[in-house]
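Chains here go by letter, A, B and C, matching the order in which they are written, and residues are numbered from 1 within each.
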Amino acid sequence: MLKKAVRSVTSHTEYLTMNTETRYAIIDITEHVERVRAKASLREGFVLVSAMHITASVFVNDHESGLWSDIMTWLERLAPAGKDYRHHLTGEDNADAHLKRMILEHQVMIPVTDGKLDLGPWERVHYGEFDGQRPKRVLLKAVGI
Amino acid sequence: MLKKAVRSVTSHTEYLTMNTETRYAIIDITEHVERVRAKASLREGFVLVSAMHITASVFVNDHESGLWSDIMTWLERLAPAGKDYRHHLTGEDNADAHLKRMILEHQVMIPVTDGKLDLGPWERVHYGEFDGQRPKRVLLKAVGI
Amino acid sequence: MLKKAVRSVTSHTEYLTMNTETRYAIIDITEHVERVRAKASLREGFVLVSAMHITASVFVNDHESGLWSDIMTWLERLAPAGKDYRHHLTGEDNADAHLKRMILEHQVMIPVTDGKLDLGPWERVHYGEFDGQRPKRVLLKAVGI
């Protein structure tokens, strides 16, 4: 009886390693979010999806390659590469990636309801890479009931 | 005794349907967040407020119509409508809405402390619509103790 | 036996008061996030770090002063101060701060795994101030197991 009354809290964490072929890339990672939810047997709660590197994003938008291209063109206009950034005095050349990642989000909380990712019809979780061609991690953490 | 020692975890989810009269709109939805918190009897935790459509935002800012107007003018400058977006090759005309929604946030986690929304003096939760005049949903999910 | 089976849910909230010497400032507050995690004895879960004032940000990026300078220069380009904003008709002069805070994030969820902040190698939590020189609060809320 008591066991039924008290709902058990669960937590499960995984790390996804991304290594894109190009410096800039957008990749749909929704299937990994569902995989982590399932492993956690999560019925109610959230999956946090968070870029662990500060030159990458995690965001929710449409799975449509034309839009992905528009997003990259637009980010380049708002935060262009190759400018005279002070961050480059450290020897880095990726200040634009630090800025681009902030226009988008660096993390999202995906709601889980009745054992399913509770997403709208077109919502897909994406990884945005702005300084790739090397391994970088994404944290997926399911917490709830 | 044991029931007192173990604090019960609760979860409650609702969906708000927005249908704005204009294509672009900003609407204060804070009262709905408090309603969902109350229904969940949430004392400690979070209410996730998340736009389920990818051409809308949820963000926290001032309830002030002059600022709302400034936000819309500014978003139009940074992500103008009617340009030659590749997304429009699919037949859509709303690429600007996909971009505008990303400058703002698409979701927020509203903290709940001692049974109240734990907001600063001017913090209000807003829905930002960039492709309206049709029903679109916002998820409100209260999780905690 | 039962007590072991049911993991106890915990919640702990603190408020950090920021009062910057300059109107615009970026400050690393990661140590405060860890302090709140430790006080909550949190092993698994999240620490929400959220600016309670609508002219400030909380974001995750590199602890590098050149980059901080780049961020401020860039925000000023995208959302300049001193323009003819409608918000200023209320007597305020800080519309740019309301906009700048939205390009960055206003809150982050810091994951906690095995009793530690689960951050990538360069991830640091920052407070971004765009209308300072007066006391403003940041909420830190640890929730989990």
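Here is the rule we use: contacts are C-beta pairs under 8 Å (C-beta built on N, C-alpha and C of every residue); 3 or more make two chains touch, one makes a residue touch a chain.
Please read all numbers here as calculations on a predicted model, not as lab measurements.
Common neighbours of subunit A and subunit B (chains touching each): C.
Although subunit A and subunit C share one sequence, what matters here is the overlap of their interface residues, and that overlap falls short of half of the numbers used.
Put simply, the C-alpha centre of subunit A and that of subunit C have 19 angstrom between them. Multi-chain contact residues of subunit A (touching two or more other chains) are listed as 2, 6, 9, 78, 103, 105, 109.
Residues of subunit A touching subunit B in their complex: 2, 5-7, 9, 44-46, 59-62, 64, 66-67, 69-71, 74, 78, 103-105, 108-109, 111, 113, 118-123, 144-145. Across the complex, subunit C is touched by residues 2-3, 6, 8-9, 11, 13, 48, 50-54, 78-79, 85-90, 95, 98-99, 101-103, 105-107, 109, 137, 139, 141, 143 of subunit A.
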